[in-house]
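Per-chain residue numbering starts at 1, and chain names A, B, C and D are given in the order in which the chains are listed.
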Amino acid sequence: MSILMNDSTRVIVQGITGRIGSAQTHWMLEYGTRVVGGVTPGKGGMEVEGVPVFNSVLEAVKETGANASVFFVPAAGVLDAFLETIDAGIKLIVIVPEHIPVKDVLRMRSYALEKGVFALGPTTPGILVPGMGKMGIMPASLFQPGRVGIISRSGTLSYEFAGILSESKVGQSTVVGMGADPVVLRNLADILELFENDRDTDAVIIVGEVGGEQEEKAAGFISRKMTKPVAAYIAGRYSPQGKKMGHAGAIVRGSTGTVAGKHEALKNAGVAVLDSPIDVAKWAKKNKLK
Amino acid sequence: MRLHEYEALDIFEQNRIPVPRRELVSTMHDALHVAGEIGYPVILKAQVLVGGRGLAGGIRTAQNEDELKEAADELFMSEVKGMPVRKVLVCEKVDIARELYLGMTIDGYSGKPVIVASTEGGVLIEETARTSPEKIAAIHIEPSFGYYPYQARGLLRMLGIEQKMITAWSDIIGQLYHIATRYEALIAEINPLVVLTNGGLMAVDAVLEVDDSALSRIRFPLPDRVDRIENPLERRGREIGVTYVDLDGDIGLISSGAGLGMASMDIIGQTMRPANFLETGGGITADLLYRCMELIMMKPDLRGIFINVYGGINPIHEGAKGVIRYMQEHNVKIPVVAKALGNRQEETWEIFKSGGVHVVTEAATEKAVDVLYKLVGPGEKGPAAKSLR
Amino acid sequence: MRLHEYEALDIFEQNRIPVPRRELVSTMHDALHVAGEIGYPVILKAQVLVGGRGLAGGIRTAQNEDELKEAADELFMSEVKGMPVRKVLVCEKVDIARELYLGMTIDGYSGKPVIVASTEGGVLIEETARTSPEKIAAIHIEPSFGYYPYQARGLLRMLGIEQKMITAWSDIIGQLYHIATRYEALIAEINPLVVLTNGGLMAVDAVLEVDDSALSRIRFPLPDRVDRIENPLERRGREIGVTYVDLDGDIGLISSGAGLGMASMDIIGQTMRPANFLETGGGITADLLYRCMELIMMKPDLRGIFINVYGGINPIHEGAKGVIRYMQEHNVKIPVVAKALGNRQEETWEIFKSGGVHVVTEAATEKAVDVLYKLVGPGEKGPAAKSLR
Amino acid sequence: MSILMNDSTRVIVQGITGRIGSAQTHWMLEYGTRVVGGVTPGKGGMEVEGVPVFNSVLEAVKETGANASVFFVPAAGVLDAFLETIDAGIKLIVIVPEHIPVKDVLRMRSYALEKGVFALGPTTPGILVPGMGKMGIMPASLFQPGRVGIISRSGTLSYEFAGILSESKVGQSTVVGMGADPVVLRNLADILELFENDRDTDAVIIVGEVGGEQEEKAAGFISRKMTKPVAAYIAGRYSPQGKKMGHAGAIVRGSTGTVAGKHEALKNAGVAVLDSPIDVAKWAKKNKLK
């Protein structure tokens, strides 16, 4: 079927009355997502795209039975709204906004993990389950239902890979943006594990990029736990060096998150490393994916 | 935002970390005057925002006036890793018994600040980490728990630091963590932290990188962020709100995401050579793309432009309007190829086509890059893949 | 340490809580001048560190110069709950639509800060809490979690506050919590927090009590702690490092613990009347008890002295030396009874006896008080039990 | 037998090299307490009263097998040392020092509860098990072995009650100082529960004082759970009012911690309220305690 979102996912949109929040609510509804409410403090009682707006998450949850939330809240207000959302009992949260201070992300991450909440982002396009629904900003036209899972650090590259697969008549089970920030709310390996356990996913594509160590750590998980085929593309081969985390980062990690280092780790874990996005079509064909 | 060493040293000093006597100069005259006040020997350090400055010749010692004249002359004439040296820090040369290392950064994978210390500091610290891991110790700080001095003492005991040094060390760790917290630092580093021959500790270098996303809420004075960008095109990019990185090729690039931009560069670089990296993020408007066109066209001798955008959060039809308005107003003659998919894609294609942009409607960026390559060829410089790492 | 209202209002204002225009005066002349600048009507508020000041006549309104003269005259001549009025705050009289309540304190039982808000503020707030609990809401803040604005919004929704007021209210709650954290407040309170007729919120009173144990590490300027103690004997107690409370009886008391001191007062009060409460805490030395004797003897007409100390953390034999040294040097003639048990008790008894102190070696304080009573009788004022609550 | 301390309690003294720390170590050892080590950072390798001193709690625990700690650390350093002690695995901590900022106590309390550590204080004389040992500053001469438990908010008054009982030939099972601060690390009811479950305690005496609401809350526990006889004395009847916690405190509690309010709550819970300390002897006799 899918991971993270399913038939019983009832979504609220936080920051629904903003320009982006309302536009994206339109697209989510159009794609068939069950958007049951919105939250903007002070705007309770309004409607946006036919969806009722509440002053607080708690109220929205009580009135609508929502169990998932997608954020279009200004960066400065995200931490507070995030904690409020967890306290209101929501168990799946997608943080679309970018430019959230790292200090806030650390606090959000630690609280979400403590409370058993699955959160994605910041700077994520969200989740899309082709033909069923989406939380976030992924443009629906590029996706087709199928059995390949995609996890991407980059929003736009997740569209690229889904688009290439769809053109090759290979559909997707779920497409997940994990967020492009140096610290994200859930690591790559956590999402891989969901795909490994999803009986409607046959293979997984990792779309990574230079910097950090998500791919290296995921390689460890893949060699220990994954049975399904995995392909990976790492963007940034000819890019100016990724965000340098100083000596301390290099010392802790033992490598600086180079493309070559990631390739090596992934290859050692049995992952098919793709040189260029278009190669994903060949890989899918070779693995008879659909 | 990475602070200059002299800025970071000031902040360290304000927060009670011992630092050398020093003064910033921008002329030979001032350098001579300051060195006279501080007393020879002195160290001259180029204030450029690049790593590996020491190995690249940016740090010089002067035993006397003659040596100082020579060193300062060379520094002010030089570039360190491509950055012109405009300011030099003249520092007292302290008597060093031993070099240590102390750093703090954010461990992105565990989502926690991490404090790293080593009994061997200096430029080869990363090498030490590989070859002598027992000389390095690190502790993670739980965000909801916070930092307490006993954690520093534990870290230092892991390294086998003599007890008599532990209080001085752990005080500096506490101060560094305090600075990192107040300034929302992604990196705060002292390399080397030196043991003086008199037994005291001193930070003879300082690195501080502040989280850009937190700049607006930091309550302490910080230097202006745009001013410090040396490259005028990159400065302009920051001003209009996009990420622009100047490169040495001749194909202009506009993308609507960092990952897509990097992949586009990788693909362009196989056959041609990008002139820049430009990433708009999620704020596309007609005006913004007009300004982006203006920015990439500042580069002389551009042979072609590649636009790669997705309509997810961005209204790409608006962006297209800005692109063609610029092309019309400035009579752009070089080929422009655009791949634009997602919400309102058909509308976007129509707008692009009406302005003479070559539109590619397939998903793979490779195919769109092929279209551009067929229009402009490899060019004189050849593909980036040949020369870039 | 409880701050004066004018001191707390200044801190509130620095932290962006709206407060009335005001100025502190200590003469009629200044009061007239300030009232003229602010414009009538004005409110005059006696700056005394006691609760229930309003009900005790410490707050007056003046519509014009004549009323101001009369009110200020009376205030400067008066005492509020026994405290002489030396300073008066002249405040703008704002147009109040409604009175609210906002407070923060430490809930000792749960070990958490607690924020309390009510839709009915003013002097009868405690009464409101009893009779209309639905008008009061409180939230506890987890120390390891910290305060976030959504908690304030939740609190206000519990009270049924109209949505349009929530942002202004929750901003003030955030500022008050921020102040309480920075100043390590045990109490931070605005009563009343008023809704002005123009719809805005304003703190027309301010209470701030800072944790005495944290005074040395608070980074913001605070008034001197000893200076503000009105009673000279209590001030002297603070100076020598003991807790001294002045009472109206004629039996001096020295105890080595607060609980023991309170119990001693309770027992003495059944038959006699304590002149003071003095508690040394754990820092007894010969010198300290010498000074304690000096302090309690400052009270005229003392009829007897009762010393009740335990040798746990305290070296009571040292204390005994200080007591008898004072008695010898000052030729103390009134009876001194001491109960002193614990470590080194026999040594202590010998020292006391050598100086003419009546020593009781039984455990019960009642028996030792009996010994004193038999020596001095009830006195002219009679037992405290008759007149104290 | 006893609560909190028993035969297998191995005590370290933190701040052992200070004037009070070393003096009290002498008294604790003299009373037979198994003091196995001391901690003062920077003084490792020394000995105090024949007890080895270590630089860190972790080292002390590793070398001595200590499982309990008593603090004579300067107030400003208590929070840090307390967290260190918990992380080193110690499960019983006595905080003797006074004047610790309330903000620090809140943090200490929350961490101790989270980690399942039983901590007493601040401003406590500690624990004494007559004839067996003591952690803290209680003067041994006043105590006798027996079957009555004492819990006191005040240090000196705990000695007073133990002294009166001992003179009456009534011994104590354990004497516990809970600490005199407005916020303490464990509440009265928690300690009452230990006495209720201790088969060698027949009755309990609560020595309280004006202010706070420990006694009122304990009354609730007593009426719900306690089967053993309880007596209580509340000091401060004629005292100047106890620390006033402002309106907010009064509103939250609904009372101001008066002696009369405490008497009423305790009487309603079936507690024998003592008018004066000496009455404890009569109460013990009436209940045939020993």
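By definition in this document, contacts are C-beta pairs under 8 Å (C-beta built on N, C-alpha and C of every residue); 3 or more make two chains touch, one makes a residue touch a chain.
Keep in mind that this is a model prediction, so the values were computed, not measured.
For the pairs A-B and A-C, the count of C-beta pairs in contact is higher at A-B. Centre-to-centre separation between subunit C and subunit D, using Cα means, comes to 27 Å. The distance from the centre of subunit B to the centre of subunit C, each centre being the mean of the chain's C-alpha atoms, comes to 55 Å. Contact with two or more other chains is made by residues 144 of subunit B.
Residue positions of subunit D touching 2 or more other chains: there are none.
Taken together, the touching pairs give a contact graph of some other shape, not a line, ring, star or complete one. Contact between chains, as defined at the top, is found for A-B, A-C, B-C, B-D, C-D.
Across the interface of their complex, subunit C is touched by residues 41-42, 44, 55-56, 58-59, 79-81, 83-84, 87 of subunit A.
Those residues of subunit C that touch subunit B in the shared complex are 144-145. By the touch criterion stated above, subunit A contacts subunit B in their complex at residues 20, 24, 27, 75-76, 96, 98-103, 105-107, 109-111, 114, 125, 137-142, 152-157, 159-160, 163-164, 166-167, 180, 182-184, 187, 207, 209-210, 212-214, 217, 233, 235-240, 244-252, 254, 276-278, 281. Residues 148-150, 153-154, 157, 163-164, 166-167 of subunit C are the ones that touch subunit A when the two sit in their complex.
By the touch criterion given at the top, residues 51, 101, 103-109, 111-114, 116, 118, 125-126, 129-130, 136, 138, 142-144, 181, 184, 186-187, 189, 191, 207, 209, 211-214, 216-217, 245, 247, 255-260, 262-263, 265-267, 269-270, 274, 277, 281-282, 310-313, 341-343, 345, 362-367, 384-385, 388-389 of subunit B touch subunit A in their complex.
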